């Protein structure tokens, strides 16, 4: 899982049936120092995360398991909200 | 999921059986500012998307779920058409 | 799926059982302008593609579905031969 | 699998149900010379690894198999603690 | 699948149960000219490959199918030993 910041929302009316009713947020991936890293992605949100929050997300197959209808196609999902990152050892 | 723009079409007569009858579009991946990012890919389209439209697509296993015949091999599919991207927080 | 050109063949006598009898080609990945992009990979071929042909291939789990014995481990497969790439919209 | 060093911990109260009760560590990926390589990731730990230890981890689907409740979504998990890396051949 | 050279061994006593009894080799990924490309990875070996041999390996889900106990988590496995790479067409 990687860190990210929710920076916006994606509006889409016409989509594949299995994505109907889901909320799509725009997530900026970040490194462990919470600096932006790479392009923003579109992730499914089932936690009602607010814009601006620091979250961790998953990509790949696992992401689809967040969604109740398991056959939903989905390759990115928000997994949790970060309360704190404790870095106690240097690389 | 990532953003992309449909920039063309791929014609292929000889292919593996499970891909017969599917429509293949050429998709240029884009970042959240809709600037091109990386090489174009070949994605399956089940939404009858027009050339020039901004879409979001998936790669990896999930993509194959868009196709009714679930055993179809497919690692990239168009998931929806983007109406709007609202960026309300800066990175 | 990505574009590639078949540039050679890989000979391997000693391999895991599930790969016995399969044909392995050396594929140079290409972008949509058919310029080389990245390192060549080893892909399974079930279409009897000739050396020099432009094809599209898949990587990741989906690739294994091309092979009849579905339990075959395989993370790259040739999916079809490209007849034409029509680019009608610029990035 | 890749090498990494456990450099910290991630605290998260609000998360998807399937991640409840799991321990999340911050892992700095490393190359075979144990030099840092890329951004730190968040990995599930089922081995009670200590901060500072050198481990190997997996990403992608396989990671979720470490967790008993197989439907847990998880795309990164610590697989073992490295006792020794013996490099006997140069690249 | 990609080419690699076996450059060493990884010793690990404490690991997740599903990896018990497996042999882990250190593999340096290589391009088709057999030049090193990227960081070494840890791959499962079921072919009793010798140190120094040129092999092809897989990453991602497919790798786990090499192992008899199919629920083993494993994201990299050696699939075969390379006898010859015939490059007959230039990129």
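Think of it as A, B, C, D and E in the order they're written, each chain with its own count starting at 1.
Methods note: a contact is a pair of C-beta atoms (placed from the backbone, for glycine too) under 8 Å apart; a residue touches a chain by one contact, two chains touch by 3 or more.
These numbers were taken from a predicted model, which means no experiment stands behind them.
The minimal number of chain-to-chain contact steps leading from subunit A to subunit E is 2.
Rounded to a multiple of 5, the Cα-based rotation taking subunit B onto subunit D is 145 degrees.
Looking at which positions face the partner, subunit A and subunit D present mostly different ones, since fewer than half of the interface numbers are shared. Centres computed as Cα averages put subunit A at a distance of 31 Å from subunit C. In whole angstrom, the spacing between the mean C-alpha positions of subunit A and subunit B is 19. Multi-chain contact residues of subunit A, defined as those touching 2 or more other chains: 60-61, 63-64.
If touching chains are joined by edges, the resulting network of the protein chains shown is one closed cycle, each chain touching exactly two neighbours.
The chains touch one another to form a ring, and the order obtained by going from subunit C toward subunit E and onward is C, E, D, A, B. Subunit B makes touch with subunit A in their complex at residues 1-3, 31-32, 37, 46-47, 56, 58-66, 77, 79-91.
Residues 5-16, 18-19, 24, 26, 28, 36, 39-43, 51-52, 60-61, 63-64, 71-76 of subunit C are the ones that touch subunit E when the two sit in their complex.
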